[in-house]
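Both complexes below contain chain A, partnered by chain B and then by chain C.
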Partner chain A sequence: MTVGKPSSARLTRPASGKGVGRVAPPWRILLLFLAPAFLLYTIFLIYPLAQALFFSFFEWKGTVRGAFVGFDNFSELFGRFPLNEQLPRAFIHNITFFLATMAIQVSLGLLFALLLHRPRRGRSFLRTTYVLPYMISPLIVGYVWALILNPTFGPFNSVLKDLGLDELARPWLGDPATAFPVVILVNAWFWLGFPMLLFAAGLSAIPEDFAEAARVDGASPWQVFRHVTFPLLIPVFGTVAILTFIYSFNVFGLVWALGGVDGGPVGSTDVLGLLFYRTAFTGGINAFGTASALAVVMFVAIFGVSMTARWWFRRLEGGIA
Partner chain B sequence: MRTLSRERLLPLVAILAAVPLVAATSVDSSAGPVIASAETSEEVTLTVWSWRPEDEDAYNEIFDVYEAANPGVTVEFVPFVNTDYNTILSTGLTGDGGPDVAQVRSYGGVQPLIEAGQLLALDDEVDTLANFPPLALKSQTGQSDGLVYGVPIAYQAFTAFYNKGIFDELGLVEPETWDDFVAVLDTLAENDYIPVSSPAKDNWMIAIVMDAIGAPRYGGQQFESDVLSGATDFNDPDYVAAIELMDWLLPYLPEDVVGVSYEDSKTLFLTELAGIFIGGSFEIGYWRNNGPDLDLGVFQVPAPPDSSAPASVVGWYDGAFGVNANSDSPDAALDLVEWMGTPEFGQLYTENIKQLSAVPGTTPEDPLLAEFGELFGASPVSYLHLVNFRYEQPTGDSLLRDGVVAMWLGQATPEEVAADVQTGLSQWFTPGE
Partner chain C sequence: MTGATARARRPDPTGVAIAILMWGYAFIVLAPLALIVINSMRPSRQIFREPIALPESINLDSYVTAWGEASFSQYFSNSLVIVMASVVLAVAVSALAAYVLGRYSFRGSGLLAIFFLSGLLLPFRLAIMPLFLLLQDLGLVDSRLGLVLVYAATGVPFSVFILSAYFRQLPVELSEAARIDGAGEFTIFGRVMLPLVRPALATVAVFQFVPLWNDFFFPLVLLRSSEKWTLPVGMTRFFGEFQTDWSTLFAGIIITTLPLIIVFLIATKQIIAGLTAGIGKL
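For the complex of A and B:
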């Protein structure tokens, strides 16, 4: 099968540079345009980041900075019981949350986006319905699901019992074996609309001509998807993966509402966001020191992985092109 | 075009996503206290910060009495949301614009403010501190200097609430011995009532329930002083036996208790599905408001077999008022907290706020609250972990409650739970210091 390569001329920017009427503006003008964004970026991003890094090297007495302690706060983070057990456990939970969420979001999100791509009756209604949970605060979503799954009053177990499935009724959020999978599924319900929207946008950006040309060449619907649609969606996969990764490492409200601030039962739903909250706000006299160290570790992890993933997806994209 | 926008978007999003967490720790770290200037005017407005918005009207009535007796002084009560209060207060005390008098937490909760030099020591300034028992002053004593930084406001005690209607229906009476207690639980269970409603999803109640039932078993006050002096530790067989009591209690708790939240457990008791609720004096207001028809009683949980201490009621001093070291009117603020240590304030407090006042000799109007006060007064024992082991991380109660849940789920033995408590605490607690 031959599928026409997209015309590179259509997707490439016109060459820029001297000689085509473009002259670099004076640096003062450039500075004027850059200054507002640079200032905001510095005040709200660079400065807090640098400050957290700075704070993490000091001992704290409440809100008053004490002596320089080097990497003591970091060694406390990795050495002090039970923090030394909670940190890797929370990290693994965030990774699991990301992988499971990706598996569900990418498969179902893409499927729904594909199903809703072609004009059909009820398309707008369904699209809105899938996106609707995403509009609600994660705290409310978590609270409502905690009520639904409540072992004492919740309707979920009542329905199971009414159907004669008594042996399936369990304390979904109270059993360490089921609590975290339930959190992942509730999150999938909550967040599915977001990747679906991204995939839908990606699909509508692909010119219909490509698929049409492939069909004229005799490609089956699967071949059209596999060799035309899918490769052109790779950038969207990259975006979804990186946004899901960042979301997964910052997830807080939903898990807090479902598992409590301790990520219970017995830490089975604990994630880095909850651990950070506990360290920062109930962490005792030196809470600022330990929490700043944790914030730095989390930032390095999120930023590092995001940049690596971005580089990897760009390579992948380049390979396909 | 898609590639271009993504290139710029991703690093930005990555940083944005990490920043709220990082920024949460970014609080100005300006220098310590400054000596406040003396008042230049006779008219003084004192601001009092608190974490109790629900008490605003009651406090305003109380301060009206003070204002009437002290012309020229206006007391402005400013409450904040409980959950954000610690952060708001520690930031407020750092610079200008903070309160003159602040409601502060007790024990470990007040130490960051003391360590930061944000509160005035009251020992030589407030004579009414002499009215309080040592247990009350301990709640406001700086760990490093032994000085007192707050005038205690209230105390809480916990024991067993019971539904008198259910007890009458089943012919039950308040248990006086452990065997009576077991018989009451068995009778409730046989009649399809949940014997004891208690949560384990919100597991902070676990340390409370354990002390309410197990304090006599591990030795109450004697164990407390032994563990503080280093004569014993949490691996002590008596402490392990008290943890075992929690395992014994499990069949009497709601089904799937690890999924039951604090609100659920209160609802089970309010809706008369449960006969007993082990809780604190701080819950009386909730019962009165949400179950006005509920016929409530309280009883002291009898001492379990092999106890080395008598049955007791466990409690702790809950909150105090301290003076901001940066206050513009320190003298007037000290006068106000001095008044807060008088029986007049204590009586107004217990009548208006409906809590047990920390000032001795005050009588609550609510008979149930009064009964809590009498029970605690007769045999007071400190809530072991809150009073002694919340000064650093990990706290004693967080280790205990995580351990008990693990034990209920079959993941830990009582010995392992006790060992975890000991291991966790020994990282920052040195006996005898």
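For the complex of A and C:
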């Protein structure tokens, strides 16, 4: 057995070397360590994900694969009613959802993170409280707010009436004009704590000296934020934007609870997640073909955009450093 | 007026505005939760008459109804068994892989790490149809085991990512000493290294518990018979059946949510560490 280097060298080396001076165990042993995770992950996630692409080029009869049909499933997706109307509408809803959520968290989420960064009374209570809703299932969050906003018995409208604002009371989730904005706000209630935590983690990684030096040079709090804190937070903005983007295109349970599987009323809350579910499991004889094509389109949109964004933020970060 | 205010401590207007904003938002977060707790103890008749009021007496009948008649005892134990099994399996297989990925460099180790890491960004729900057919071939549709395998697989990327970082930080001297004493690789892993990353194992386990407990999509598709349903899927039927019995609805919401709130309050540190771990890595 090789001991590598003299003991004196080992003692002085920082205790963080990645197996420095040691050879990896033989392949047989490595395989035993790696195989369980590799197989589980590959068989149940990676392989099915790759198969979805393959599925999209075939005609399906229920769960039985039929003939190779080239891009027919894709043209069906974009050309056949009602999909050709539902798909762009759902896509626009996902994009709106993403942009609105970003606007809320970059303002309010970042503000809360900045305010909680300094010691203040009740700091840890407030932080825990803000993150609390993020622990609740989105489906349950949706149901809770559906009850609160219920037009007949919901507490929300009753509060409005008690405040003398009767004319504002309305069926929030029954009106196509308000349903989707309500979905966005309910989601913000659920989600805001998460970006706030990410911003907070980013802030605590910035050395206090930087801001201190700027203050000594006579910079105002706004200037410190604008020229010191903000540029150093760019990587966090990148992470937050990418995670929010992925989440926005995956949103499912929350909208299911608020608008039903059809994204009602009249499709005003329909999103890609619901559309994908409906296409796959209630979409007729060739459901698997059409839904696989939709899966491929969504995959390209989600993964392609998040990878491009990641590359772009990395470059931006490099430009500043 | 002038004399009194001049002597009093001058309130800083910005400070007051900030305090109002922060405690106001805390109220917005907590009020709906408080409402659910309070209304779960009031009969539905009273809720419909007066949506916001304190209970006249503590009445826990709704919990009895939700737990028994509405099958929450069944959903609850299903969720608990499925989530626990998934977390244990995911952490176990991930710890093994993370150990060698974190401690050794070998041909393909970098590529393998990226392969596992990429799972953090992949939209796995899109694989639901091939996954469904795969599980059907294996006889694992409408089976708790099938769901456990899928869940455990979704936990692998995050667990490998966190655990390998922890294994990497452990001093080389420890494993070398054991090696000189003649210990094999599995002994070093199990006896020396694993106990040292116990905090990381806790972080990873707690952190996976939350999204799995809350997941709605996979059981919705993969579980057919209602006696196997987890809480979120059970919730959808429950909301249809009990839509006129709000008291029971609120009790069901509490039963589903309380375990997570407790886990969160006990393990706030671990969960926050987990939530912010990916930062800068993505």
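Quick note on the criterion: the second predicted complex is superposed on the first by the 275 of 321 C-alpha atoms of A that agree within 3 Å, B and C clash if a C-alpha of one lies under 4 Å from a C-alpha of the other, contacts with A are read in each partner's own complex, and residues count from 1 in each chain.
We adopt the following convention: a contact is a pair of C-beta atoms (placed from the backbone, for glycine too) under 8 Å apart; a residue touches a chain by one contact, two chains touch by 3 or more.
All of these numbers come straight from a predicted model, not from anything done at the bench.
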Figure out whether A:283 sits in contact with chain B (first) or chain C (second), or with both, or with neither.
first
Does chain B (first) or chain C (second) touch A:129, or do both, or does neither?
second
First (chain B), second (chain C), both or neither touched by A:172
first
Quick one: is A:52 in contact with chain B, with chain C, with both, or with neither? Answer first, second, both or neither.
both
Please indicate which partner A:237 is in contact with in the superposed arrangement: first for chain B, second for chain C, both, or neither.
neither
Scan A:153 for contacts with chain B and chain C and give back first, second, both or neither.
both
Touch check for A:210: first (chain B), second (chain C), both, or neither?
neither
Counting residues of chain A touched by each partner, does chain B or chain C come out ahead?
C
Should A:91 be classified as contacting the first partner (chain B), the second (chain C), both, or neither?
neither
What is the contact status of A:262 with respect to chain B (first) and chain C (second): first, second, both, or neither?
first
So which positions on chain A get touched by both chain B and chain C?
13, 44-45, 47-49, 51-52, 55, 63, 153, 235, 238-239, 242-243, 246, 249-250, 273, 276, 280-281, 288, 291-292, 295, 298-299, 302-303, 306-307, 310
For chain C, which residues are in contact with chain A within the complex?
18, 22-23, 25-26, 28-30, 32-33, 35-36, 47-48, 51-52, 89, 92-94, 96-97, 99-106, 109, 112, 116, 119, 121-134, 136, 149-150, 152-154, 156-157, 160, 168-173, 176, 179-180, 185-186, 189, 210, 213-217, 221, 231-232, 235-236, 239, 246, 249-250, 253, 256-257, 260-261, 263-265, 268, 271-272, 275-276, 278-280, 282
Going by the contact rule set out above, which residues of chain A touch chain B in the complex?
13, 44-45, 47-49, 51-52, 55, 61-65, 80-83, 146, 150-153, 170-176, 205, 235, 238-239, 242-243, 246-247, 249-250, 260, 262, 264-267, 273, 276, 279-285, 287-288, 290-292, 295-296, 298-299, 302-303, 306-307, 310, 317
Inside the complex, what are the residues of chain B that reach chain A?
2-4, 6, 9-11, 13-29, 31-32, 86-87, 90-91, 93-94, 108, 111-113, 115-118, 200-203, 254-261, 264, 267-268, 391-395, 398-399, 402, 405-406, 409, 411, 420, 423-424, 427
Could you please specify the touching residues of chain A with respect to chain C in the complex?
1, 3-4, 10-11, 13, 15-22, 24-25, 29-30, 32-34, 36-38, 40-41, 43-49, 51-52, 55, 63, 108, 112, 115, 122, 125-126, 128-133, 135-140, 143-145, 147-148, 153-155, 158-159, 189, 194, 197-198, 200-202, 235-236, 238-239, 242-243, 246, 249-250, 252-253, 256-257, 273, 276-277, 280-281, 288, 291-292, 295, 298-299, 302-303, 306-307, 310
